[in-house]
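A short worksheet on the structure shown next.
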Amino acid sequence: MAENIRTVEHATCTFCGCVCDDMNLTVDLDKHCITKAENACVLGKAWFAEHTIENRPAATIDGREVGVDEAVEEAARILVNARFPIIYGLSDTTCEAQREALAIGDLIHGTIDTTTSVCHGPSGIAFQGVGESTMTLGEVKNRADLVIFWGGNPGEAHPRLFSRYAVTTKGMYIPNGKKDRYIVSVDVRRTQSTPVANLFIQVKPGADFELLWALRALVRGRRLDPSVEERTGVKLDTMKQLVERMKTCRYGVLFFGMGLTMTRGRHFNSGALLALATDLNEFTHFVAKPVRGHGNVTGADNVVSWTTGYPFGVNLSRGYPRFNPGEFTTVDTLSRGDADAALIIASDPAANFPKAAIEHLHRIPVIALDPKATETGKLARVAFCTATYGINVGGTVYRMDDVPITLRPAFESPYPSDQEVLTAIKNRVRELLNKKAKPKEARKAA
Amino acid sequence: MAETMLLVAGRTSKQGTSLSAGKLKEEYLGVTSTVEMNADDMTRMGLKDGDAVRLRTSVGETVVQCKGRKATDLPAGMLFIAYGPPSSQLMGSDTAGSGMPLSKNFTVQVERAA
Amino acid sequence: MSLTLALRVAPQVPMEAEALTFDRVADLSESDIAALPLLHGNEKAAVGDFFKVSGRANGEVHLEGDLGRVKYLGAGMSRGRLVIHGNAGMHLGSAMIGGEILVKGNAGDWVGPEMLGGRIIITGNAGHMVGSAHRGGTIGMRGGEIIIHGNAGNETGNGMRNGLIAIGGNSGDFTGVNMRAGTIMALGGLGWRSGAGMVRGSIVSMQPAELLPTFSYDCDYRPVYLRLYLLYLRELGMAVEDAWIEGEYRRYSGDSVELNRGEILLLNRQKLS
Amino acid sequence: MPDTLRIVNGRVYDPANGIDGEVRDICISDGRIVASLPQDAPRLDVNGMAILPGGVDIHCHIAGAKVNLARKLQPEDHRRDPHPSTAVTRSGTGGIVPSTFATGYRYAALGYTTAMEAAVPPLAARHVLEELHDTPVIDKGFYVLLANNVFLHRLLREGRREEFRNAVAWWINAAKAYAVKLVNPGADELWKGQRNTNISSIDQTGTGIDLTPRQIIRSFIDVVEELGLPHPVHIHCNNLGHSGNWQTTLETMRTAGESRLHMAHIQFHSYGGEPGKNPTSKGPEIAEYINTHPNITTDVGQVMFGKATAMTADAPLGYMLRNISHNKWINADVECESGCGIVPFTYQEKVYVHALQWAIGLELFLLSKDPWRIMLSTDHPNGGSFLKYPRLIRLLMDRDFRNEEIQKVNPRAIKKTVLLDNLDRQYTLNEIAIITRAAPARALGLKHKGHLGAGADADITIYEENADKERMFNAPRYVIKDGRMIIADYEFRTDHEGRLLHVAPAYDAAIEQKLHPFFDDYYSIEFANYPVADSYLHHHEIVPPVKAAV
């Protein structure tokens, strides 16, 4: 039986934004499953173990099993007839598939948004306001002697951030790993990430901005009202000590999570943190990095940006890209009832979005692509079961620090890839649009 | 008698691993239907692990099971839940020109579900 | 009779109607107005597909119906008066230069972004980003007036450089964030973190507010300009109490993270007789 | 679309073949220029028009990680300049850092058919290739950043020359690059590891790496020569933008001895004066050195007034500009390889320093005697957009226009230059064809580009002649790429995917045994996953070495 066991070295896990590319996979080709994922964390092990070939129809229309071609036809028809079609998701698929989704958006004059808008979208807005001093993760490994985690719980959401990139790992100027670093954690509650920290600062809920702003004032030597202690729950002495540590370290890093982006203040919370890192460069080298969620959400940001000039929340109604979060982002286009059709790729808004948005998804024709059964797939008019990226499908993904990595798929899937389905939809959309345009042109000629 | 508390939604390992298994599977639905609560608050409210509580905001409500956490881990008046369909029921949809609904740190009314 | 455009077909998806400004329609016939372009979702349409056009402009143009989904009404307008009998959608009076827009209803997000001059009056509530800069930009409203009788959302006057924003009710979080100059008067309360990153300019409120730790108390005083502003707002029909005109204000300067030359004035309620 | 075409009745400007405005037929077959075609081949009559080879941009920043960061950074700039789709082309946005599709189309609409992205850390090579794949019409390639490569420094420090050469060749192959780029050699360790400090002299010691910039530069010049790369070392010198940096620039050129060296955006390196104080012009001195040293080629990096974006692997420079402009700022460290700084910037006519930079660029153009060695660039988008090239061409071709413009700028700056000292040279159309086409193609070693002789790529631009050269160069009437009519009568007729141009120097694979452990210790990605797979090349061409590798 040995010939039906395959090993894949240096494979990449696409579960979270760490995108660790040192997986050694053992694959049972008969059973279509990965039996062992060496080096994977608890999340990665589940990711590899659970993505087997399930017995699901490759395509359904209104829950009825159909051929992929028929589903493509119906999907194209929905998109071509819509006046405000939205395309959403895209963070759990390859850049190659993302590019096809953008091409469709261009053809149908739709609205394109990714899961970034409900993840670090606010950090993206903040970035557009203040810029960002940042780095690839290897710099943290090699150089960072001060690492601050703010408003996130990587211990549970990004388990190998600590061991592979940022805390215990040894690097060029950090020969002893954690011993050579000082770790600070700032959060509203203790989490599984807290024990790793040399210093835990518990900030009152909703006071992250005030604390960051106070640190900025201290870094710049500016006036600060003593009420800040009461407001943030953090002693002024603690703030001053932290500021001193930040100014005197050699290479400081601020990692931040959705404790900043999802709470009141949103992009201004992220902006305050980015500005703090920028300010500190007057004294030493300091960088910041949002800890991104899904495997290729950073790739989605990159592809949407290079294609349209904007990272997410892009509308093409006028035949060219426009950007406006709050207007063209998916929570808004759904809960306001703007969208009249939705193409959702590798994401499950029907399970995670605010109630009002989910209710609108029930009212409009939805096309869903996902390797797994989801709430969104359940309500979709057209649902495709696709092969899983990184497990069955090759392509490119970007790590949270913008480093692109090529996938090494483990075994073949009977299902088409997202890219294949999207390419088929794109081609059919183009044909339908040409047909639609022709009678008009003919009229004009006459 | 409902009490006002602050709900934090977030990710957990268990949510992550059960997510890979499938979001319509029992384990995932279980993980996302459990709210962590300060143990002292629970005692005061006469709640024990596994009891059903109703969480309500101006947007909607949901019934989930509660689970106690030490006061050092979770301050009094704070709740934690893994993202999922139950937390969605409580979220408002106004993104204030950002695209992001407030998904963490929002006030909820908490009471024992009958 | 004046020119009236009455909505007769409700848009099914968001509509963009930058043609509906005084400038564009004032000198046109009914049929020419009906032929002006609109964008209905991603489809090109004409004003006449959705509106019944009647009359001729005599200094005023009236829009009737619920236009809550119609964006860019009065965008770039430079003269005349546009009266909207109903709600207005997003980007009302975007980059407006002159004239007046009156909304007898509520307005969506982005009222008067990057506005240069003229006046916008909203009898109901306005959304977020009133008089603000667009994302990535630093220059918000540079002149003119926005008068909101109800409440306004977050980031009112983001990056504001000049002009007046007056809000009869509450203003949301980050009122006057990153403002460089100009005046924001929120007669109701201020949301969280007002004036964050402000360089210069004034934010005024009649209600107590919790300010950022980077704002510090200076003095109590009666600024003369404030009386003039309040009298002016009363003239415009806002409910301005005598005590506010007579009252003393606590002055806080900030944001110390920036130049510390902005001010927040809060009515000193203890000293009210 | 016929695959043959005879273009008749146009004036041909093909300096590489000694043709200066003669009326000649140009024949195209299967994407190449051919000596003749049957008489019945389809014809295009371009009476009254000028036929030039397609433009070649030897130095610009159009794709990759830093460009995309700069793009994402400036929604307010894109907003003003949308790029709508057409029946045959994709949509995008313009502004100072256009989206990829808009970049390709806009270069084509300017008559350019080749452009070289000038700075890519190898770790981001995959990214740049993905973006270049989405940059339509033009042929393109990129230069890989190696001057601050920690592993290469290690080999140099230990005198392991043979391994150094093999490692350089390995890296070029791993990235699929076209040339070797050095940026602020040896300075990254000071920036990242020693509290944001910088190098101030080419012979500086105490760089944290036990190497001087000069040692690094000389080693790369030798190795690139040994590898026979078609383009020599392409260098962004130390001290860019600092007053008094002309000495560093001269020293850098002297380091090359008789070897070929391409000096990037030399305008930014031609400043006199004291460090920290206002600069003066050393344009004439730098031009003189170039005039007397035929081994040196350069592109100017002209500053054009208006919006720009500084984007550079020279991170300390980015920070300096941030402190001047107080604009939003990006710093992006790339492990073991590079740094990066980005700042939106606006050049203003009345500002002394900006006007001086503008004037020094013009001095360099006008004082350089050999147009084959001074090429047109704005270091897009650092000195201004590539869309400003037509205006720059008019400044060079039209003395009266230039003098009018000189009157508009800061007079104190002009007095520091020789621009008003009877510098009345006007570039001829033939010389413009050299500095925008023939010379960059030759400097790049692209034998099939920059000319219209038989065997050349059929990359052709046809302009309506116009006394106003800005208008003339703003919009060619026809643009032909690989023999296909891309633009006719000023409109796009078809989309097209250009080629990726890269080199593949030979190396001893044993070097991988040395590299592997270093990657395990200090990189954050697996060694096996680092080299870029051929699947990213799509439509590509390997340009052979100018001589066999050693």
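As written, the chain order gives the labels A, B, C and D, with residue 1 at the start of each chain.
Methods note: a residue touches a chain if its C-beta (ideal position, glycine included) is under 8 Å from a C-beta of that chain, and two chains touch if they have at least 3 such contacts.
Treat the numbers as computed from the prediction; the structure is a model and nothing was measured.
Considering every other chain in turn, the ones in contact with both chain A and chain D prove to be C.
Among the remaining chains, D is positioned farthest from chain B, on the basis of C-alpha centroids. Interface comparison, B-C versus A-B: the higher count of C-beta contacts falls to A-B.
The central chain here, found by comparing per-chain C-alpha centres with the mean of all protein C-alpha atoms, is A. Separation between the centroids of chain B and chain C, computed from CA atoms only, is 38 Å. Centre-to-centre separation of chain A and chain B, using mean CA positions: 23 Å. Separating the centre of chain C from that of chain D, both taken as means of CA atoms, is a distance of 47 Å. With centres defined as mean CA coordinates, chain D is found 56 Å away from chain B. Among all residues of chain C, those that touch two or more other chains are 109-110, 128-129, 134-136, 173. With touch defined as above, residues shared between interfaces to two or more other chains in chain A number as follows: 125, 128-129, 264, 316, 318, 323, 325-327. The multi-chain contact residues of chain D, meaning those touching 2 or more other chains, are 73-76, 79.
The chain pairs satisfying the stated touch condition come to A-B, A-C, A-D, B-C, C-D.
Within the complex formed with chain C, the chain A residues making contact are 82-85, 108-110, 125, 128-129, 209-210, 213-214, 216-217, 220, 222-228, 231, 264-265, 268, 316-318, 323-327, 338-340.
Within the complex formed with chain B, the chain A residues making contact are 15-16, 42-43, 45-47, 49-51, 113, 117-118, 121-122, 125, 153, 156-157, 159, 188-190, 192, 202, 205-206, 258-259, 261-264, 266-267, 293, 312-313, 325-327, 329-332, 335, 348, 351-358, 372-375, 378. Residue ranges of chain A in contact with chain D, taken from their complex: 9-10, 12, 21-22, 95, 99, 103, 106, 124, 127-139, 141-143, 164-165, 171-173, 250-251, 278, 281, 283-285, 287, 301-303, 305-311, 316, 318-323, 396, 398-399, 402-406.
Of all residues in chain D, only 73-77, 79 touch chain C in the complex they form.
Contact residues on chain B toward chain C in their complex (touch as defined above): 96-97.
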